[in-house]
Amino acid sequence: MAARWIHAGELLIQALILFSLVSFAIETLPDLSPRVLRALEIAEAVTVGVFTIEYLLRVAFARDRLRFIFSPMGLIDLLAILPFYVALGVDLRSVRALRLIRLVRILKLARYNKAVRRFRRAIFVAKEEIVLFLGVTALLLYFAAVGIYYFEHDAQPEQFASVFHSLWWSVTTLTTVGYGDVYPVTVGGRIFTFFVLLIGLGIVSIPTGIVSSALLQAREMEETEKDPIAKTDA
Amino acid sequence: MAARWIHAGELLIQALILFSLVSFAIETLPDLSPRVLRALEIAEAVTVGVFTIEYLLRVAFARDRLRFIFSPMGLIDLLAILPFYVALGVDLRSVRALRLIRLVRILKLARYNKAVRRFRRAIFVAKEEIVLFLGVTALLLYFAAVGIYYFEHDAQPEQFASVFHSLWWSVTTLTTVGYGDVYPVTVGGRIFTFFVLLIGLGIVSIPTGIVSSALLQAREMEETEKDPIAKTDA
Amino acid sequence: MAARWIHAGELLIQALILFSLVSFAIETLPDLSPRVLRALEIAEAVTVGVFTIEYLLRVAFARDRLRFIFSPMGLIDLLAILPFYVALGVDLRSVRALRLIRLVRILKLARYNKAVRRFRRAIFVAKEEIVLFLGVTALLLYFAAVGIYYFEHDAQPEQFASVFHSLWWSVTTLTTVGYGDVYPVTVGGRIFTFFVLLIGLGIVSIPTGIVSSALLQAREMEETEKDPIAKTDA
Amino acid sequence: MAARWIHAGELLIQALILFSLVSFAIETLPDLSPRVLRALEIAEAVTVGVFTIEYLLRVAFARDRLRFIFSPMGLIDLLAILPFYVALGVDLRSVRALRLIRLVRILKLARYNKAVRRFRRAIFVAKEEIVLFLGVTALLLYFAAVGIYYFEHDAQPEQFASVFHSLWWSVTTLTTVGYGDVYPVTVGGRIFTFFVLLIGLGIVSIPTGIVSSALLQAREMEETEKDPIAKTDA
């Protein structure tokens, strides 16, 4: 009986989180009518109200209250409602940073979401390799930026003003996004791009590959239930 | 003997489906001469005629007629011909939606096409994971859109007018399509893009990876013939 | 002793093929000086001379001369030199198609190149699946083109003039090339693009995955030497 | 005790290498104030000082001094400091090439970096295949360039001026970067692009796949400690 009520409550909380994210996005729309703004404010107040009740219940029914309050999930729950009350007191509604904190509510989903848990496990499994190859990727991006800077700086002093400007090129190129706002025009720069792409595509795709295979491993671990970080879960 | 005739008939139906798709595309060409339009109309009438005969034969020879008529494939067969007769009666030729229904004929291919069957099986196998990671992908796209909105809104109020406008950027960037119609220009926005790409490429590629591996599994299942959804096939 | 000479001859032929490809590219450069053109002509004559000697030797030393002449490699060898002699006789130097035939020399590399042989084997292994998923990919591209046509035709009648014009968009988008010459501008078209990309990336990457895994399999077959198409090699 | 000091020294060297790379990039920024330039010069002098001490210590404590000096790591250590002293003597500060040599310091990281070692092992494992498929990739890029040249040269004589110009298109297209500076506009060119992408994506992704799988193999080799190139490490 109680289990069913708890399940319904959890679904409500999840729905409110998603609703909260959508209303956050709606608020950024230009030229909103005062009526819509008023409705969003009321919806926000109701959402915070429900989150507050949830938080108080969780504190009340926690086996170790202090430990829950200072656990990651407890702090996230608090951060998800605190800005609202602070803004009420000092009317900081216009402070952007405060509004952004509302987005911490995404993290509340972590409690219910299987994928997030699997993700944490995957990162735990492949920690060392991710760091290793992120390092190699960073060096490669740097090297590509220096190279293209020397080839293109004279031809396009605006686009390739410094190695830092060139980094933007190497990021958009090696991830194959290729917006087309900066691209080499000299013969040397184009040949350099060719070789960088030939080598780089292989390297940039490695962290992607590591994450994918670690997630696969995390799934197998879930099935056999030998979970090295289960203890840290609330 | 009969088997050979049935096989020839099936090939004819498949060819007519493909022909029907091509003629649908030709109709959208601007500045078609009246003669071409007339030819397309006649071809459409012939196609619908053959599909009608096929439908009636399928109904006539079905073991359980009512069950066939209300099965998915039966309804698709009906929808593939119905709009033509409706349009004859009330001359709604100009109604776009009605013309679009003709495209339901693509689904008729499902009866003959091995790949479509394998695909359904793959989705059945990986259902839970696809939903899980589509959710994570959606959250990531949302998060990237909010972030770039805060970095770029002031510099490009047109392109990044709201979080919804920014979502278009996050979709084209994280899939590495990169049309180049919207891209960050501020230093903060570019650094944010760099980190989003580093993390995001790994995550966005996961559903792709899941589909691929599920298809592989589906192939193995075909070979050992333990098919969990074979019963729903006509 | 003879083996060493043959090996040296093979290396010479391979070098000449590569040189021939490069000189073909150089000929297309605008504003070439008459001296360079003259040099390229002489080089071409020498190349054809060596290829002719090679061809005659191969015919002379073939166990079954007729069979060699009409084998794929024999015909390629002939096509690689024939246009030169034909052009001498009738002075059709300006005929483009004839010049393009020179590129058939790429195929001469197949005799020496391990990768080409492995590739043929991989295609042999995965034939059925490649056809299956190329079909699904084609249907997906068609479906995406029809959808974007209905969303964008009114807003951009030039770019999305017909379903065929829209196909160009669906090809560049689903392969994530994204040149940026055509892209959706309506809200409906952008949401449609989002869903097409989510589903499409998984499907478009499948033929790529099949080719990769088939090549892996081909390598294993090479190692255990059970080669189903070895007999067709010269 | 000594081990701890050595470890601290190694961390210092690594930090200095990274700092050196960053300061190299800062120097390329336009409009630097004289004070910043002065600070960078001093930092460079300190960095070279530490590297010189490190080099002398390594020579002093090497078991075989001559062998260390002429080993790859020994030469890299020397090249990382030499340009500074040369520039002091002859004041060639403005010579670009000399400044670029400073980047050789990236390679000094190879001594400490596990990823670099794994990378070398992976290349050792897959050497033959990498060469094989880089060759195929090169031929494919060439073939695509020739094709698009014949389709687009007349319509866009500027963009597709020669096969070499077209190569730039085939590189940016087959890697799916797609800047959008060159793209086909003729119907023939677009259909050709479609087929090239369909075949090409599979082939271009192969070297990437080989590198990924070789890295995986290299990791397993690390674990079982049968290292074929360990002897060449300093």
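Labels for the chains are A, B, C and D, by order of writing; each one numbers its residues from 1.
Basically, contacts are C-beta pairs under 8 Å (C-beta built on N, C-alpha and C of every residue); 3 or more make two chains touch, one makes a residue touch a chain.
What you see is a predicted model, and the numbers here were worked out from it, not measured in a lab.
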Repeat of the A-B interface, chosen from A-D, A-C or B-D (over half of contact pairs identical by residue number): A-D
Result of counting contacting C-beta pairs for A-C and B-C, higher pair: B-C
Same or different residue numbers at the chain C/chain D copy interface, by half rule: different
Angle (degrees, nearest 5) of the CA superposition of chain A onto chain D: 90
Centre-to-centre distance between chain D and chain C (centres being mean Cα positions), rounded to whole Å: 30
Whole-Å gap between the CA centroids of chain B and chain C: 30
Distance between the centres, which are taken as Cα means, of chain C and chain A, whole angstrom: 42
Junction residues of chain C, two or more chains touched: 176-180
Of chain A, residues touching chain B in the complex: 21, 24-25, 28-30, 96, 100, 103, 106, 109, 113-116, 118-119, 134, 137, 167-168, 171-172, 175-181, 204, 207-208, 210-212, 215, 219
Chain B-facing residues of chain D, complex: 176, 178-180
Contact set on chain A toward chain D in their complex: 129, 132-133, 135-136, 139, 142-143, 145-146, 149-150, 153, 161-164, 173, 176-180, 183, 190, 193-194, 197-198, 201-203, 205-206, 209
